[in-house]
Structures are given as structure tokens and as C-alpha cells.
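Going in written order, the chains are labelled A, B, C, D, E and F, and every chain counts its residues from 1.
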Amino acid sequence: MNWDAWLPVLVVASSLLPGLVIFFLREGSHRLRTALNLVGAILKLVLVGILIWGVFHEHVYESRWTLAPGLDLVLHADTLSVLFVTLSTVLWLVTTVYAIGYLENAPHRSRFFGFFSLCVSATVGLALAGNLFTFVIFYELLTLSTYPLIAHRGTPEAVRGARIYLAYTLGGGMLLLIGTVWLHVLAGPTAFVEGGILGRLPAEYHPQLKVIFLLLIIGLGVKAALVPLHGWLPQAMVAPAPVSALLHAVAVVKAGAFGIVRVVYDVYGVNFTDQLGLLTGLGIAAAITIVYGSIKALFQDNLKKRLAYSTVSQVSYIALGTAILGPIGTIGGIVHLVHQGIMKITLFFTAGNYAETLGIHKVSEMNGVGRRMPATTLAFSVAALGMIGVPPVAGFVSKWYLGLGALEAGMAAWVMPVLIISSVLNAAYFLPVLYRAWFREPGPAWPAEHIPAARFETSAALLWPPVVTATLALAAGLFAAAPYSPLEWATLIAHREYGL
Amino acid sequence: MTELLLLSATGLMLSLFLGLLRVLLGPSAGDRMLATQLIGTVGVGMLLVLSVLLDEPALIDVALLLALLAAVAAAAFTGQQEARHD
Amino acid sequence: MINLASSILILAGLFFYLAGSIGLLRLPDLYTRLHALTKADNLGLGLLAAGLALHSQHLLTSLKLLLIWLAVLAASATSAHLIARQARRQETRR
Amino acid sequence: MLTAQVLYGLTACVIVALGLRGALLHASLLQRVVAINVMGAGVFMLLIAVAYRGPGLPPDPLPHALVLTGIVVAVSATALALALARRLHAEQDND
Amino acid sequence: MTDAMIGLVALPLTGAVATLLLPRSATVVAIGAGLATTIAAALLLFGVANQGALHYEMGGWSTGLGITLRADGLSALLLMMTSLVALAASVYASAYFSAASERARFWPLWLLLWTSLNALFLSGDLFNLYVTLELLGLSAVALATLGGKRAAAEAALRYLLVGLLGSMLFLAGVSLIYAGYGTLDLATLPRVVEPGPIAWTALAMMTTGLLLKTALFPLHFWLPPAHASAPAPVSAVLSALVVKAAFYLVLRLWLDVFANVVTPVAANLLGLLGACAVLWGSWRALQAERLKLLAAWSTVAQLGYLFLFFPLLLALPPGPTRDLAAGGLVMLALTHGFAKAGLFLAIGVIQQRCGHDTIRDLDGTAQHLPATTFAIALAGVALIGLPPSGAFLGKWQLLAGAVETGQWLWLVVTATGSLLAAAYIFRVLGHAFGHQPYPNQPVTVAREEWPALLLTAMAALVLGLGGAPVWKLLEIGT
Amino acid sequence: MNTTNLLVFDGLLLFSIVGLAWASLATTDERRSVILFMAFGLVLAVAWGRLLAPDVALAEAAIGAGLSGALLLAAVRKQSPGSSHTHANPDRNYSESGAKVVLQWLVTLLCAALAGTLAWALLHALSSAPHDTLPRAISDNLVASGVSNPVTAVLLNFRAYDTLLELAVLLTAVLGIFSLGQTTPGYQPAGPVFDGLVRWLVPVLILTAGYLLWVGAHAPGGAFQAGATLAAAGVVLRLTGRSRIGLPDGFVLRIIMAAGVGVFLLVGLTLLLLGRPFLGYPPAWAGALILLIETAAMLSIAATLLLAFVGGQPQSTAVNAAANRQREENSRC
């Protein structure tokens, strides 16, 4: 093995090894734990930087380890994986900082950060998976490492939420596994290849392939929270805020969406999927989810639940983009993978800040919070506006490309209304919050003030992460055309997928 | 001679059968044990006859052992009844 | 000559065996049955053994046959005694 | 043709079945042990019948050796089972 | 290398005699004998990997007249597993039994059990197998009674009687084989047996006897009480190895010795029983109130999976696909061995520290005993069949075989069983994570926690990630 | 000699065997069942003799008719009369409930089917020419085996490994019995008649044991039969109320228990060190080595069977009581 083969392994290991060490740290060794976390995160960032450069210049990074005859664990860096890896790495660093602040003086931090690192490792491994087999392995690992995080608080609700999460994801994982095995029997090792590999199978397999597609999409749809498989997501809100942030922006939900993208583009091939007549079905499922999630979000008073349903809706933009044939729709879907992540993590950070600093959990308690916590609320506003699709925030870019792609693919007739309705609904559930925060008079007292305002409105470790991610969201929109921007990278991916 | 031995083997068999009936009929455990003793004695005789009939001298050893251990069994039977009296 | 004697002994033995067994079956209670067994059967075995001993060529075999008979005699005497005593005890207890 | 071998062999089958039935149906531990021993005797008879080659011919010594081993093993198992049963009964009496 | 075969039997047996004679230093002697046995197993594994299948004619008598020991890839793997599991359990047991008199009773029986397992995996002779089976059964029962309680004695007695019945049926089959073919040698038999009344009846009887011992549904009734009432290290070995030994024999008989006799109908019957075992065992595990009972019922279920492979293996034509499935079967068996042993040891730690193993009172165990909880979680991963455990690879092959042969029923059963397994494992973990205000404690990995942790890690990580050689080793047949 | 003449004898013998087997399992009275089983063993010994298997007949005479009976009777004793019907078998009245009857019939049918199938297969097996490769190999190698009794040759030379494991089984059983704790209290001292029996029976049994051990090399007999006979002597002693029954104490007892396996292993491993196969005796030494192993085995077998009859460790009740206390303390938590 040379350097090129080791790089993907190192990317995964840079969070895995610190995580394993952290498990065995004493609860009190606070500094060592922080150092390990940050060193791992920064090291990973550096490694990913090398990866980005290399993949752009068409270097092949691949490591292969045989688990059983015909079953290889393959870590392979291509353009799509690099996009997801980068997102995870950057947001992991930010979330780690946030979590260190958030969990100050909380119990069981060694366990928490251990699983936190495992979770990120699983996500990165999933991003770098070079075939469906590897993907499934990391997909299940992700389930396993998130379970303790959701159950972390140990309250009956937490344990219950974790159990529901598990029931959904393990059930979905089983379908995914069956689909994968079936595909493996039909087509052999299903490596991820741009343009897909199944098109060459004889036509008599097509009915089976359709069933398999259904199995795979249901399996992935559970994590991606496609309606009606989304039931676990609001329940999982009991987790600590950094966990919610990670679940919604990077790890679980995004893993499902990423898997759908992988299956459609790199296993079936988008043209072949269309040929089997499966794209429209996927699109319709996505459209229903988008609208349904938005409507549900409208009626939630609990801020985190409102954000959760917003996630249900927003993540399906990615699936929608996948379902739109043609490079432009593809760009829209893929770039939303990143944009939604940055924006949603900001929203969860800020929601966590409200809860930690002032004890605010509900929308109705947010009156005038902008005056008490201006920076946090500003970050919240930027992200919320981005979600609605207001330029120049990142969300606008995604929606623009989705619309354009639908027009190009001749699917505008139903995609456009969905986009418009959803944007209106987005506005309907975010703008009143912004109004309350900035323009309503605050009540006589906050529900429970934990962190008194001193130098900053809240502790620094809590404040900086949302500010940074909000800035990133803004930058992703403003500098969308810059080289190495998410949009540019998504364009690169789309071009390679379509062989342009 | 062979015929005589055959006859006696079969006759012993008949004797054993009668003993068997007593084992089955009982009525008391003592009766059964007694009948088992009889079966043992008949068995010894049968083995002796068979040893000549089949030309297998080792069967005499078997008969000897059977005779000795039948006594042990009887002792075990009564011994275990004895011990209940304490 | 020996053959004849041996045959007679064996037949006599057989007779006593059968008599003992019939006695065991027909006699009314345990104590009378005891007699049938200890007397008739042991005699039967003795005659049988004697008959076979005449028939055998080796001295050792003959000695073994004698030993067997003695063993059975002693064993059945003892066990008959034990069984009778035990039955007796159970009766008195009742 | 009804040779001694066949006769004993068939009887062995019957005894095996009788023992098995007893082992399955008896509620008493002791009698289950007895039943298993009866079944074992059936199996041993099967082997010895197989070894039998007819009058005057030396039988196959191998099954005899196997049966001897089998008897020892069966006695060991019976002894352990009975010791366990005795202990259980003793505890029941103490209750 | 062939001396390693002798060592595998003679070392633990010598150890048993030595611990009997030297009760004061029994622990040291036993651990020493265990280590030596493990080394022998490793040597044998290397020997088989390098030189192919090995055999050893006992006493120098030619095969048939004497008894031949044989080791191929399968037996070498199982021997290695046996040694590792038994060694770990031995280390655990050295801390588990506190009283000197208990140790003096435990060690000789323990080493006799180990002897019997090794002898069974090495034996190349049908009657010798019967003797090893009896040695295995008796030593297992004797160890199970060490629980000391009434329930343990009762369960052990039932276990013994069932085992005896199984042995008798097995022996009846062996007798029939000798009557029909005049040989007891496992390697000679495949060349002479042919489909017909003799082989069918003999195989049916031997299989029934072995199924009793391996506790396949509906002959599983004796297992949960026996495994749940034995002392922890004993339960570990009972569930991980002892039932596996009888299963190994079924596998040997069906796939090697009587390969040309078995019919698809019979294999489907086994598969069906396996399916019932998976569902019923998992369901009962879900209902269990005590952790040990859960683990015991889970063993019933996990053995069911192994039998699901039979209809697949019979439907697949000989070739690479079939070898893959066979490897999956062995992988599943190995993983379960390590995982279940680790699980029982972990439960033993909980029992000793908490004084009970009632599941609903386990709240806060994750804080109180993090390393043990982690071991239970790892075992759970392996029992459910999640990656990166070896069981995942095994179940993958099971599913693939089902798809390949179009036997969808087994696929549904496997999926359902896995989800049920997840349900019962996470029921435990949910309680373990449950809220209980324990003071923050350092992560202590006490001496008795290590064996469980290592065993479960072996199942959940090492076998899954480094298991590829298993398939290669299995190509080395007799 | 004409075999058909023995057919009547055979038929009657087999009829009584089946009848005894059936009768001993048909009753629900445990003591009756055991006595019938003892009678069954007696008749079996005759049958083995009839089938020219005197080695087996010896073992059956010692075990089936003698020791097994003593063991089983000792187990019956533990139940107080009448109580065996109440708590030990609460479902004794299974004939009353319908489901039980169905089950009974089902099992009966199953067993009948088993008998039929087994018989069918056996007839097939017996109808072909007997396989005599192995018997011939045994007789060809008999000279090299060191003994002239082929059964002993198989047991202690050709298949010595089986016998080694068999001794391990015995050891396991006795260790298992030991682990159950204290022995039962002994028997009452016996009366004068019984003592008279003991006075001649025990020496004769010991002599017979020695004879059987020695004769095993060239005629039927051997370690197991000898050991069982020796054990019978112990049983008789025990029945007279001698609780120590001549068994040594502690360490010596353990040595005797382990002797069978230990000497066997020692011989096997020594031969291995000398460059021979495991348990591969040099022909010149085979007879002596076999006698050595058999002597050790006899002692172990006798001790084991006797301890099984006694039902546990026969000494140092203080240690046992302490262990029991300890165990109770452990179980309390």
C-alpha cells in the first residue's frame, strides 16, 4: 500500500482512533479529551484538504480490504464522496467545539465524545465507501454509534426516543441489506461507478431490479426521513443539541440522502433508473415529503421539533434533485446536500444556545430574544432566510438550480409548484419566529437563565460555532461561483456523472 | 448328549418363565426379589449348560460372577430396606 | 457310563429346578415360597453342576462348578433369610 | 430365513423402542433412568447380534469391545443421574 | 504438527488429573494447561493452513483397525475457537470461584470438558465420537450442578437425561452403520455408503440424537433452564461450545460423511425447524425477565440460523457459491461462540456486582459498569448480525444463498429474527443506559471484565474485519 | 449341533427379555420397576452368553444384575414410601387428561415407527454378506497386540484411545457425584447372618476380581469386570454399616480415582517421548503395559463405582459443610 491507498483510511482513522482513546479517559481529564478531539478534527481537515486537491486532479485514492471472498471493504475517494467528507469534516470541527461548550460539567463526557467520534468516523466511512457493501457496513455502524448519543441523557424520554430511532433505522437497514445482497447475487460486487453498472444486465432482470430499487430506497429513506418513514426524527429530538445538529446536518439524515444519490447515480445510473421508470416515483415521494414536512413544521411550537420537521422537508430537496433527470437538477440536489447541512446546523446550534442560555425551548418563548442574544439570533436569521431561499444565502442557489433543472427536464409542471408551495410554507414557519425574536417585546423573565451575559451573550464555545456556520452559509451563496465552492464542486460531480 | 443339553436348556427356560410370572405378579417387593433370586439361580444353570453346549468355557466364569453378584443384589435390596428403620 | 450318570444327574437337576419354580408360583405366601426356592432350586443347580462336572475334562472347571454351587447355596440361604426377616418386620410394623 | 442373528436383532429393535417410549413418557426420574438403560441394552443387543456369526464361528470381537465401553459409559452416566436424583429428593424432603 | 493433535487431547486431560491431585494449586495448573492447549490449537491451525488436512493414527494401527484423529480446516478453526473461549473463561473462572473447595471441584471437570471438546473435533471414528459425546455431556452436566441451587440440579438432571437419550440414539445409528458397512471410520464411509434404508435410518437416528444435544427446536426445552442456572463461566462454555460440538457433528455427517445420502426434503425439514427456532427463541428471549435466561433463549435462536443453511447448501451445486455459503455458516457459528461466551461472562460480572440479573432493574449499569455494558453491546452487535461482526458476514452469505436458490422463506426468517434480536438486545441496553444517579466513576476494567470484553471484541470486530482466511481454511477438507 | 433346536430356547429367552423390559417400564412403582430391571439384567447376561459374547456377559453380570440394581435401589430409598407418587410425579395421572392420552399414543406410535424402521434397516444390513475385513485385521494383528483375547486387544490396544476416554468418562462421573456434596448417612450395622455372608463373600469377590483381571489377557475378563466385582465387595461392606468401606482417605483416594486415566496417559506420553506413536506399545512390552494399565484401571473403576454407590465424598464432612455454607452465602446475593 502506498500513500494513495492509505489516505482514505487515515481520513477515517483520524476520528476513529481519538474516539477509541477517549472512551478510556477518566471523566476528569478534560483537557486531554478536548485536545484529542480538536487534534483529530484538525488533522482530518488537513487530510481532507489533500484529498480535495487530489481528486480534483483525478488522483485515485482507494484502499481495499477483503472481508470474505468477493466482499471487499473499499474506501474510495471520488468527487461525490469528497463533497460529503468535506462537509462532515468541517462541521465536525465546529460541532466539537460547540459540544465542548455545551456539555461543560455534564456527566459521562468521555462516553459522549467517544461515540461522537465514532459517529463521525462512520459518516466519513460511508462517504468514502467504494461499493454498496461498504456503504451498508458504515450505514449500520452509524446507526449503532448514534444510538448511545440519543439515549445519552438516560431519561425515560431519551431512552424511548432512542428505541424508536433504532426500530426505524434497523428495520430500514435490514431492507437495505436485503436489497444489497440481492443485487450482489444478480450483479456481483456493486462498486460505485459514475454512470452506474446495472445498465448492462439483461432485460429479464429488470423486474427484480425494480423491486431491489424499492428495497434500497425504503432502506435509505428511513434515515433520509422520507414520508412516511420519518417518524423517528421528531422523537430523536430528545438528544443533546450538538447531537441533533449532527444528526440533522451531517450524519444520519444526510447519510440517507447521500445513499439515495449514490444508488441512483452510481449503482443504477440515472439514465437506467429513468429507463426503468423509477425516477418519477422517487420524485413524487420527495415532493410529498417536502410539502408534508413543511406543513407539519408550521404547527410545532417546540423549536427543535419545528426544525426537525423542517429537516424532513429540506432533505427531500436532495432526493428531488436526484429525481430530476439532467445535470442541472443534479447540481441542485447535490449542492443542497452541503447547503442544507450548513444552514440546518446553524439553526440547531442557535436553538441549543437559546435553551442552554435562557431555557427557551418553544417558539412562543422567543419574544424579543434578539435583543438579549443578538449574535445568535442573527445567525439564526441568516440560516432561516437561507432555508426559505432568500438570496444571497446558500439555500437560494439550491432552489434556483432545482427549478432550472426541472424546466430543462420538462418536469416543471409539478416540480415548480412544489418548490413554490414549500418556499411559501418555509417562510410561513420561519418568518414569524424571526418577527418574534427581533420585534416583539421580551417577557418579564426568561424561562430559566443558565448562563448570565458577561463578555458575550453566552459562553464563547457556544457562540462561535453558529456564527461561523452562518457565515459559511452566506459565503456559499455569495461566492457560489468561486473555485472549490460547493456549487462548483457539485457541477464537477454532475459533469462526471453525465460524462460531460 | 447335545439333545439332552438342549432339552435342559429349554427346561430351564421354562423354569425361568415360571419365575418371571412370580416377578410380574408380586405381590410384595419381597416376592419379586425372591423370584429374581430364582431367575439368578436359573440363569446360572443356563449359563453352565450353554457353556458346554456352545463350547464356550468362559461362560462358567460368567455363571460364577452371576452367582456372586446375585447375592450382592439381594443384600442391597434388604439392606436398603433395613436402613429405613432408623 | 459317565455319560449316563451325567445325563441322569442333569435330568434330575432339571426336575428340581422345575419343581422349585412351580412351587414358587403355586405356594400361597412368601414364607412357603422361600422354601421352594432355597431347597429345590439349589438342589437342582447342584445336580446340574455335578452332571456337567462329570462331563468336563478339566479339574479346574469341576472345581469352579463346585464353587458356583457353594456360592449359590450360601447366597440364597443368606438372602432368603434377609428377605424373610425384612418381610416379617414390615408385617409387624403394619 | 430366521437365524438367531435376525431374531436377536429384531428383538433389539423392539427393546430400543420400548426404552425410548419409557424415557419419553415416564414422569419419574428414576424410571426414566431405567428406561434409558433399557434402551441402551437394546442398542448393545443390536451390536452383539451384528457380531454374531453363527454357532461354532468366532464372533466379531470389535462390537463386543464397543459394547463393553458402552456399558461403562452408561453406568457412569446412570450413577451421576442417580446421584443427582437422590440429591434432589433429599432437598425435597428437607422442604 | 500431528503431535499438536495429541497435545490437544492429552494436555487438558493431564491437566485434569493434575488438578485433581493438586487441589491447592489447581488454578495455576489449570491455567497453565489451558495455555498449553491453546498453543497446541494454534500450532494445529498453522499446520493445517500450511500442510493441508492432517491425520494421526492412534497407536500406530492402520485406519479402521485403530482410531484415526483428523484435522481439516473446519475442525482446526473450531478447535481454535474452543481454546480461545475456554481460556478466556478459565481466566474469568479463576476470579469467579472464591472458595478453595469450589475451585478444587471446578478445575478437573472443567479440563475434562475441554478435553472432550477437543477430542470430539479431532475424532475420525464414529464410535469414538460417541464416547467423546458422552464425556462432553457428563462433564457439562457435572459443571452445571456447581450452581449449587436446587434449580441448577433440576435443570442439570434434565440436561443429563436428554443428553443420554441423544447419545443412545446416536449409538443406535452407529451400530447400524457398522452392521451395514463394517467400518466406523469417517473418511472411509463416504466411499461406501449409498442411499438406502441403512444409511437413511442410521443418519436419521444419529441426527435426532445430535439435535437433542444441540437443542434444535422443538428439542430445545432443556437448554434455557440448564444454561441459565449454571455458574457464569460454565454457561459461557455450554452455550458457546457444547451445543456447537453437537452441531459440528451434524454438519460433518450431512455434508461430508453422508453427503450422497441426504435429500433436499430432509434438509428442508432441518431448515424449517431452524426457522421455528429462530423465531421462537428470539421471541422468548424478548420475554425473558432475567439476563441469563435471555442469553440462553438467544442461544436457541442462534442455533436456528445455523440450520437455515442446510437447505441452501443442499440446493447449491458444489462450487464457489456453495463454499461461500458454507463459510458463512462457519463464520456465524464462530461469531456466536465468541459473542455468547462473552455475553455470559459479562452477565456473570453483573450478577456478582449487582447481586441479580433482572433486566428491568439494570438501570444505570452503563454508568456503573461501563466496560461490561460495552461488552454486552458488542455481543449484541454480533448476535443481531450487524457489521462489523463476523455474524454480519455469515448472515450476508445466508441471505445471498437464499436469494441465489430462490428460497425466500429463509430470507424472511433471517430478517425477522435479526430484528427480534435487535429488540431483545436493545431492551437490555435501554435499561443499561437508563437514568440512575451514579457518581462519575473512572472506567475501571477489572480483571474479571477483561475476558468478556476480549471475547466480544473478537466476535464483533476481529472476526468480521479479519475473517477472510476462514474461507480459505475451509477449502482444506479431509 | 443343529441351530434350529436352539430357536425355541432363543424365542423363549427373547420373549422373557422383552417381557421384562416392558414390565419394568409399564409399572409406576419405582421399586418394582428396579427389581424387574435387575431381573432383566440377569436374563440379558444369559443372552450375551448365548451369543458367544462372554466378555459382555461378564460385564452385564457384574453391572446389570448386580451393581446397577444396588445403585438404583439406593436411589429408590431416598423417597419415603407413598411420597414418590405425590410430589415426585405430580402428573402421574396423565392417563386422565385427554391431551396426555393423545401424547401417549403419539409417542407410542412414534416409537413403534422407530422400531419398524430400525428393523427394516437392520434386515437390510444383515442380509448382505458380513463385513469381515475388520475382524480379519484384528486376528491378523493379535500377535502384535500383546494379548490373545481379541476383545482385550481391541479395548486396550487397537482402540485404546476409546478406553482412555472411557476412563475419563468414569472420572467425570465420580467428580460430578463428588461435587454434589456430602454423602448420605451410612446404613445400620447388620445382623449376624448378614455378617456371615460378608465374611465369605467379600474375600471371594476380591479373589474373583483378581482372577478376572489376570485372565483378561487370554480369555474373557478384564479391568472393567474385575473393577466392578471389586466394587461389589465394597457395596456389601457398605451395606453392613461400614461407612468407610475400606476406602482410603483424601489424597490416596484421589490418586486411586485418577490412576486409570493417569497411568494410561503416562504410558501413552512416555511412548510418544520414546518416538513411538501415542499409545503405540512395542509388541514385546505390550502385554506388560496392558496389564499395568488394566490394574490401574481396575482400581479406578472399583473406586468410582463404589463412590457412585455411596453417593458422594465419603469423608471429612466438616469440609463439605463448610463448602455448603460458603455456597449458600454466595447464592444469597
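The rule we apply is simple: a residue touches a chain if its C-beta (ideal position, glycine included) is under 8 Å from a C-beta of that chain, and two chains touch if they have at least 3 such contacts.
Not measured: the values here are computed from a predicted model.
A.B. asks: Does D-E or D-F have more contacting C-beta pairs?
C.D. replies: Looking at D-E and D-F side by side, D-F shows more C-beta contacts.
A.B. asks: Give me the ID of the chain with the smallest distance between its Cα centroid and the all-protein Cα centroid.
C.D. replies: Chain closest to the assembly's C-alpha mean: E.
A.B. asks: Quick one: chain C and chain D, Cα centre-to-centre, how many Å?
C.D. replies: 29
A.B. asks: Provide the C-alpha centroid distance between chain B and chain E, rounded to the nearest whole angstrom.
C.D. replies: 47
A.B. asks: Taking the mean of the CA coordinates per chain, how far is chain A from chain D in Å?
C.D. replies: A distance of 69 Å separates the two centres.
A.B. asks: Which chain C residues touch at least two other chains?
C.D. replies: 71, 74-75, 78, 82, 85
A.B. asks: Counting only residues that touch at least 2 other chains, which ones in chain B make the list?
C.D. replies: Residue numbers touching two or more other chains: 14, 16-17, 33, 35, 54, 57, 61, 64, 68, 70-71, 75, 77-78, 82, 85.
A.B. asks: Can you list every residue of chain F that touches 2 or more other chains, as numbers and ranges?
C.D. replies: Expected reply: 1, 6, 48, 50, 52, 55, 67, 74, 76, 118, 122, 125-126, 130, 132, 134, 138, 159, 162, 166, 169, 172-173, 176, 180, 194, 197, 201, 204.
A.B. asks: In their complex, what parts of chain A are in touch with chain E?
C.D. replies: Those residues of chain A that touch chain E are 23-28, 65-71, 73, 107-108, 110-111, 136-138, 140-141, 143-144, 147-148, 151-156, 158-159, 162-163, 166-167, 170-171, 174, 177-178, 181-182, 184-185.
A.B. asks: Mind pulling up the chain D residues that touch chain E in the complex?
C.D. replies: 16, 19-20, 23, 29, 32-33, 36, 39-40, 42-43, 46-47, 50, 62-63, 66, 69-70, 73-74, 76-77, 80-81, 84-85, 87-88, 91
A.B. asks: Show me the residue ranges of chain D that touch chain F in the complex, using the header's touch definition.
C.D. replies: 2-22, 24-31, 33-35, 37-38, 41-42, 44-46, 48-56, 58-62, 64-69, 71-73, 75-80, 82-87, 89-90, 92-93
A.B. asks: Would you mind writing out the residues of chain E in touch with chain A in their complex?
C.D. replies: Going by the criterion above, the answer is residues 320, 323-324, 327-328, 331, 364, 366-367, 370, 374, 381, 384, 386-388, 392-393, 396-397, 399-400, 403-404, 411, 415, 418-419, 422-423, 426, 429-430, 433-436, 440-443, 464-465, 467-468, 470-471.
A.B. asks: Could you pull out which chain B residues touch chain C in their complex?
C.D. replies: Touch residues, chain B against chain C: 1, 4-5, 7-8, 11-12, 14-19, 21-22, 28, 30-31, 33-35, 37-38, 41-42, 44-45, 48-49, 52, 57, 60-61, 63-64, 67-68, 70-71, 74-75, 77-78, 81-82, 85.
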